Each structure stands twice: as C-alpha cells, then as structure tokens.
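As written, the chains take the letters A, B and C, and residue 1 is the first residue of each chain.
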Amino acid sequence: MSEIRIKTDAPEASFRDVAKDALLTAVVALVLAVPFIGLKSDSVGIALALQTRWAEMFAIVGAVVAGRVLISLFRLRRVQPRTPQPQKRAGAKELAAAWGGKHIVLIGVAGFAFAAALPFMPFSSRYTIDIGTTFLIYVMLGWGLNIVVGLAGLLDLGYVAFYAVGAYSYALLSTELGWSFWVCLPLAGLFAAMFGVILGFPVLRLRGDYLAIVTLGFGEIIRVVLTNWVEFSKGPNGISGIPRPSFFGFSFAREAESTTFHELFGIAYSSQHRIVFLYFLILALAGLTNWFTLRMRKLPTGRAWEALREDEIACRSLGINPTNVKLSAFALGAMFAGFAGSFFSTRQGFVSPESFTFMESAIILAIVVLGGMGSQMGVVLAAFALVILPEWFRDFQQYRMLLFGVAMVLIMVLKPTGVMGSREPTIRLHKKDQGSAAEAQPETAR
Amino acid sequence: MAYFIQQLINGLTLGAIYGLIAIGYTMVYGIIGMINFAHGEIYMIGAFISVITFLVLQAAGIGFVPLILVVMLIASMLFTAVYGWSVERVAYRPLRRAPRLAALISAIGMSIALQNYVQLTQGARVKALAPIISGGVTLFEQDGFAVRLSFLQIFIIILTMALMAGFSYLIDRTPLGRQQRACEQDRTMASLVGVNVDRTISTTFVMGAALAAVAGMMVTLYYGVVDFFIGFLAGVKAFTAAVLGGIGSLPGAMLGGLLIGLIEAFWSAYFSIEYKDVAAFSILVLVLIFRPTGLLGKPEIEKV
Amino acid sequence: MTAAQTIAAQGEALLEVEHLTMRFGGLTAIDDLSFTARRGEITSIIGPNGAGKTTVFNCLTGFYKPTVGRLKLSHPTKGEHYLERMEGFRIAQVADIGRTFQNIRLFPKMTVLENLIVAQHNALMRASMFAVAGLLGLSRYRNAEKAAVEKACHWLEKVNLVERADWEAGNLPYGDQRRLEIARAMCIDPVLLCLDEPAAGLNPRESLELNTLLKAIRDEQGIGVLLIEHDMSVVMGISDHIVVLDHGRKISDGDPAFVRNDPTVIKAYLGEEEGEDDHA
C-alpha cells in the first residue's frame, strides 16, 4: 500500500499543502463540471438548446472539494508518527485475513451449504431465488474466466463470446432440432471450447495486450454476426420460445401429456418448482466449475498455467509447450462459459445479441480481478459486490452504472491485487504451521 | 473508378479521425505500457464539448463560421485535456507499480463511469446538430457519378495534417518530446537524470486527450449526431489502428487510422455495411499473426 | 534412472557447434564460432562483456534462430538432434537441454517445491494422461506425483533448500534463488546443462558451494555442463575446457592452463579495456 502514496502524503505535508491541493481540486472540478453539469444540451423540437444548472454544479463541485480535503486531512493524520491506532487496526485485519486463509475450505463448505439451503429459508422468496440464480451465473462465469485470466494470465476481453456460443447452441439446437437440454448442455460446452481453440490457435502466441484486443474484437465479431446473420440467428429480434428445462424428462408444467414434476412426486403444482430447480441446476454447474478448477490447479496442466502466468520464457526453457498450455486454459475456460450460456438460454427462454455486449465481458473480468486473480473465493466476493449490491440500489437505477464504474476504479486504486490477493500453494512438503521443520517465510510485501 | 475515388475520399476522412484518436492510445501505451481504455470516452467527451461550445456560441449570437470553428476547436481541446489529465491522476497514477491488469480494470471502470456520467448529465438521446460547414466541390464526373469533395472533408484532412506536423515537431524536436521518449525507454533512469516522470506522463495524457477532442469535434461536424455511446466502438477501432500501425509509433498510428478508415469505407461500399466492423477486426488479426509488431513498429528482440 | 545416468564413455562429444553466426540487423553478435562440449566435462565460455556469450546460449536453447551454423547434440539415448531447426520448448523437451538465466527467471509466486514440480511437467503430463487420470484421482497419477516430489526433494537436498521448500520462490534470498534455478533445470533430467553466470551476485562462500555443486553434477550425473561465467575463481577452479570469445569470435580454446597463458586472451582482457559494456 505504501507504494501508491501520492506526493502530498510525504511526511512534510502540512495544512498549507492541503489547502493548495483543495484549491487545485476546486479549479479542476470546476473545469470538468462546467460543460457537463453546468450546461446541458437539450432537444427542443428538432434543434438543440442550452440549459444551465449552476446551482447543482456548485453543490457537486463543493462536495468534491470537501471530500478531497477530508481525505487529505485523514492522510495527513496517518503519516504523523504519534498515531498508533491505525497500526493496531491493520493488525486485527491481518488476523482476520489469516484466519480466513486458514479456514478457507471451511468457509467454502459453509457457503455452499448456505447456498444449497437458501430456497428453503423462511425469508426466501421467488425474487431471492431469482437473484441468487443470476448471482450464481456470474460466479460460474467468473470461475470459468479465472482459469484463463487468473491462473494462465491470459487477458481475455471477449469472454462473453463463448457465453453467447453456448447460449445460441442450446437455443438453436432445441428450437430447430428439438434436442433436450441434457444433450445440448455438453454440446454447448464443446462448441464453446472449439471456438476457443479456433480463436486461440492463431492468437495465443501474441503478447498480452494484443491478445486482449483480439479477444475483444472477437467478442464484437460474434455479436455483429449474430445481429446480422438473420437466417441463422434470427438477428436482433433474437430467438424466443426456447424450451424450459425439465426435471430429467418430467416437465414443470401444470399439465402435460406425459407425467409432470408435481405428479411424479405427488405434490401440489407450484410455479416455484421450476425456479428452484433452475437455482439448483446453476448451483450444481457452478459447483462443478469450482471443483474442476481446484482439481486442475493440483495437476500438471494447472501448475503449468500458473507457471506460464509467472514466466513464459522460463516455461519454454523447461520444455513446456506454451501454445498447448494456453490453448488448454482458453478452451476449458470457454467450455464453462458455454455451459453457463446454455443454462442462461433455458432460464430466459429467449436469447438475443443484446445480452452479449462488451459490458458483460467487462463485468466478468472485473469479478475476476477485483476478487484477486486466481482466487476462487475472491470471485464469489466480487460477484456479490458487483451483482447483489447493485440490486439493493435499484432505487438509484440511473446512478447504478456510474457507481459501478467508480467502484471498480476505487477498489483497484485501494487494493490493486484484489480483495483476496494471496495464493495457496498447490502442494506442500512440510505441513502447514509446522514451525519447527520449516523456517517461517517472511511476509510478502503485497 | 469514380465510385472508387469517392470511397477513397470518404475513407481518408474517416481514417484521419481514427488516426487522431489512435495517437492517444499509442502515446500512452508507449510511455506506460497500458491500454488506456477510457480514451474512447475521452473522444466522446470531446465531441460533447464541441456540441456544447457550439450551443453557447449560438446562444451568444455568434454566427461567423471560422470563429465558431476556432472556438469549438480550442474549447474542446482545452476542456477535454483537463478530463484526460484528471483520468490519469485519479485512476492510473496510483496504480503505477500495481499489476498491469489492475490498471486495465481501473481503466475499464473509468470508461464505464465516464459513459454513464455523460448519459446522466446530458441525457441518453442522440444530439443532432445542423451542419456548420456545407457545400463542396465536384472533382469530376464519370458515368453519371459525381465525385464530391466537401469543404468539411477538406477541413478535416488539412486540420489533421497540420496537427500531425505540429505534433511530430513536438515529439522530435522539443525537450518535452525528449523527456517523453526518455520515459518510454526507461522510466527509472529518466527520473534519475532529472526528468519529472509524473509530469511527463500527465502531459502525454493531456496531449492524447486534446487530439481525441479534435477527432470528437470532427465527428460532430461530419456526422452531425453525437451520443454518449460513440466512444466505445471508435475507441476499439482506434486502438486497432494503433496496433495495426505498430503500437508506440506516431506515424504508425496515423497510418493505421487511415487504413482502418479505408478498409471500412471500401468494405461498406463493395461488400456489406453490416459487417464493416468485422472487416476491420479480421484485418487486425491477420496483421498480428503475420507481423505482430504492426506495420511500422520496430521488431522486438525478446530479452532473455 | 535418468537418461544421462546410462553413461557411455566419458569425454564423448555431446554438443558440436559449427560455424555459428548470429546477426541482428547490421550487428554481428557471433561470428563463425565452432567448438565442442563433451559429456562429463564442464565447458566454460568466457569473454569480456558484449562478447556474445549469452547469445550463444540463446541460439542453443532456441530463443534465437541462428543466422548460419549447425548445432548438433549427440544425445546418449535419443540420437542426434539439430538444435537450430528445433522450436525453443522442444529443445528442452526432446533434446534434454536445461538452462538457467543471467537474470534469474523463477516462478516467483509459486513455492520452491512447485517450481521443481513444474519442471517435471512433461513426465507428469504423460502420467496424468493429459489431466484425465489426475482428475479421476487414479493411483497412476498419484504415484507419478509422489516420484516427482521425491526427485524434487533429492535436488532440494543437493542445493540445501529443504527447509524452505514451501516458501514462495520470490521470497528467497538471492543466492538461494540461483541454486533453486539450477535445481529446477536439473529436474528436467538434462544431458546438457547451460548455466548463464550462476555465480553472479554470490558471495565468496556461496560461490565456493556452487563449485562443489557443479562438480557434483558433472561427476554424479555424468552430463555435460556449459558455463558462462565472469568469476574467474569459479571458471579456473572447475572448468575442464574453456572457450574464449571476444566480439563474437573465438580467440582461444583449450584447458584452463592453456587459456590462462594465451597471449591473445590476456590482450583481450587487459588490452582493450574500452570494450562496450552491454549485456548481450
């Protein structure tokens, strides 16, 4: 953290500097605010006219300056040597983190158990389960992308393309050929993985940022094609009437030609059965993704992913084929996006290109990076912050995305390694906490 | 033939605009090695500021076109430059030593925030502006097809050339340019020999933003419509242009921009307008596979 | 049994470099270099800064494609390999050449043990049947991993890092990192080990330990060692054969005693002090 100090935090910073800083902030904020907050272009008939909002503008500028002064003063106090409190607090925080690190498996199991029990909780409603389902989709996508970005260190800005491939695979196979969800699910994953390989083969030898821009381009290409190739994808109108999932062949309808779910179990019909079933389905899929990733980490492929992220040249010197390793990460990450995509389309019953914009890729990437690259638990926390919290601010709908963007910047500035930045070794020679056998490792400067 | 030349003119005009945005990407990438994802939004902000400046001038009753153009140009460059500076100061400077992905996420966050900021403050509806420069010359006619070069196109191309010339001078001949090149090569060393690295990086953002603002103003004039969403696609294409030309190279950015503009114009004219974005990206992929350093980029010898 | 341990006659030519030339644009980094490295010997490449030593390594290990020249590796069990035609990772995978880097390249966020396990990637991949056996938890993979850990431990003992096996590699002191990198290269069971300035930055005690380690590797494994080094106490102490480069050309070739007294070498080192100072 000490590295990201700004100049004004140097020990000699004084109240004069704070005042100077405040003045600068005021001038800059004013310049920024005049053309956008102070003035507004408004349509009057067909022409544009100008409106002014000076009062609001000064209020906002004032608030920004006040905020800046408060932060500066806070920092000023912190750098003064006579304040032991922050250190103590940091100690407590580290203790909590250490406890969390030690019992990560316990926390994970508890979290999973809670998720499994959620539909039966007294407070849970259809709305809760719906949100829970959405949340789990993002968790699953985050875990999938974590393989690519977090473990293998490949910057993928077009992850949503594979999600789209999965969604459209199921949508098309089910509406055109009438194939069932359970057949299409693995196929969707397979198609997405295939796309991953086809795209990955030429581009994976590119340097990191080039890869980012090519994947971004690929994401856009898929969307443009889905929008314009009307004969194939029904274009911007999307595909509707996608079959809803059945309970392994037993429909969730009130009445059907074959046995329905509620008849099978001899219970009263409820529209909620399907919602709950979908919830468990995504919970299972997400669980599978997590299990797979955790397992892979301890296998040669998974270790090679991480090694590649650390140093590609060293990998080559050890006889590891970087292209294969990258392809495997890319394809497997894509596969899980494909699974999630087919789930998405059966849940919605409708897909259109609009669901697969760059924004989605950005959110998923943000979940991975904010959570802390490579950390499975981090993904859950970040997905919570980015998916559930905004739901609570529904009343501020119009400010939601603004706050979302600001929050992304803030979290990165305050904690660049993400919320869960530490890494758990995949294999140990000495048991954990065995102080006598192994020397204590110095605290990493993070 | 006539149709071809018309597309050439259209493509060059569009390319000039992409090129100006691409310079911002290439300079920032050169100096701090990150994709300034918010740069597309900076361009969008430049476009909005030019609209608002025009409205202010209109409200003040000024109708003299050259004056309007000059004031629009200066105002959008100035205000947008402050936006560029602030973005760097708030979202990137604290992350100088952080992992590279952190800066990228911060940039994406900034991009989302700016887009929604403009949507909130200026409304989501498309802003349409009456043409300020109209008219043009007919170059020649062939088979009943007239090749037209509008005054606006002349304005855009000349302005771009002038800016490029001024800019190359700035980078090649002035101490500022020298400091920028020094920071590009080795930031630590540059600071040791007395270059103020933070200030140099800030200047880079300011310059990039000012050029993006010019591009924004050109688009406002050229298409007459602006909305809060134009930054994304233009940004992606301009970045494509920068990579195509060889990232880090100024003439490369301009060349890449022109190429992307031409590809788009010809593709729309001869193949399909729907897939013009696909064309630009496909060519990018091909270039990267066969010449990963871009057209004018220096081949990079891997340091082992 | 490593491939290298099935020892044939010592002193057999292992690597034959013939007419190696490497140009970068107009700069000729290596000019018509030929030499031979033998099994069971330590061959050192020395020379002033910028002589092209690291470039030789990078050609050998596939990071550069030589402009001209033939690099023939006579593998004791797998036959002859022409390195100039092979992709970088294949040189380590098929021709069994291990290397270290001048500016250490470990996997800093991974532990010491993990670094050594990653080095055994190819063997473990086969055992895990491309992750399938591993995912299913078959004993076939579990045993292979156990063997990999044992081999890692063997090398950890050799380089005295057992206690720190679970440290993040990036947290190790400098000297430990150097030794870990050598251990990692040994974990691929090389027939030729290329070390790029392994003694750089070590204190006298550490470089003495390094001497012992390298001699042990040569004598116990019977493999060839190719060494770039500036530290003359290391070079003269352990080399069986020394090749001297200056400005990309070979100026001397022979045993330590011969090279030490070769007037051209003395001139290159003492007479041309103004030689440029880049780390090629």
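For the reader, a short list of remarks on this structure follows.
Just so we're on the same page, a residue touches a chain if its C-beta (ideal position, glycine included) is under 8 Å from a C-beta of that chain, and two chains touch if they have at least 3 such contacts.
Since we're looking at a predicted model, the values are computed, not measured.
Farthest chain from chain B (centres taken as the mean of C-alpha atoms): C.
Taking the mean of all protein C-alpha atoms as the reference point, the chain centroid lying nearest to it belongs to A. Note on chain placement: the centre of chain A and the centre of chain B lie 30 Å apart, centres being C-alpha means. Separating the centre of chain A from that of chain C, both taken as means of CA atoms, is a distance of 42 Å.
Centre-to-centre separation between chain B and chain C, using Cα means, comes to 48 Å. Residue positions of chain A touching 2 or more other chains, listed in rising order: 313. Residues of chain B in contact with two or more other chains: 302, 304. In chain C, the residues that touch at least two other chains are 63, 101.
Every residue of chain B that touches chain A in the complex is listed here, in rising order: 29, 35, 45, 48-49, 51-53, 55-56, 58-59, 79, 82-83, 85-86, 90-91, 93-106, 108-118, 120-123, 125, 127-130, 198, 232, 236, 239-240, 243, 247, 272, 274-275, 277-278, 281-282, 284-285, 288-289, 292, 302, 304. Only residues 292, 295-296, 298-301, 303-304, 306-307, 310-311, 313-322, 423, 425-430, 437-439, 441-442, 444 of chain A touch chain C when the two sit together in their complex. Chain A meets chain B in the complex at residues 3-4, 6-7, 28, 31-32, 34-37, 39-43, 46-50, 149, 155, 202-203, 205-210, 212-214, 216-218, 220-221, 224-225, 227-228, 313, 358-359, 362, 365-366, 369-370, 373, 398-399, 401-402, 404-409, 412-413, 416-418. Against chain A, in their complex, chain C makes its touches with residues 61-63, 88-94, 98-99, 101, 105-111, 113-114, 117-122, 124-125, 128, 130-131, 134-135, 141, 145, 149, 153, 156, 162-168, 170-171, 184-185, 188.
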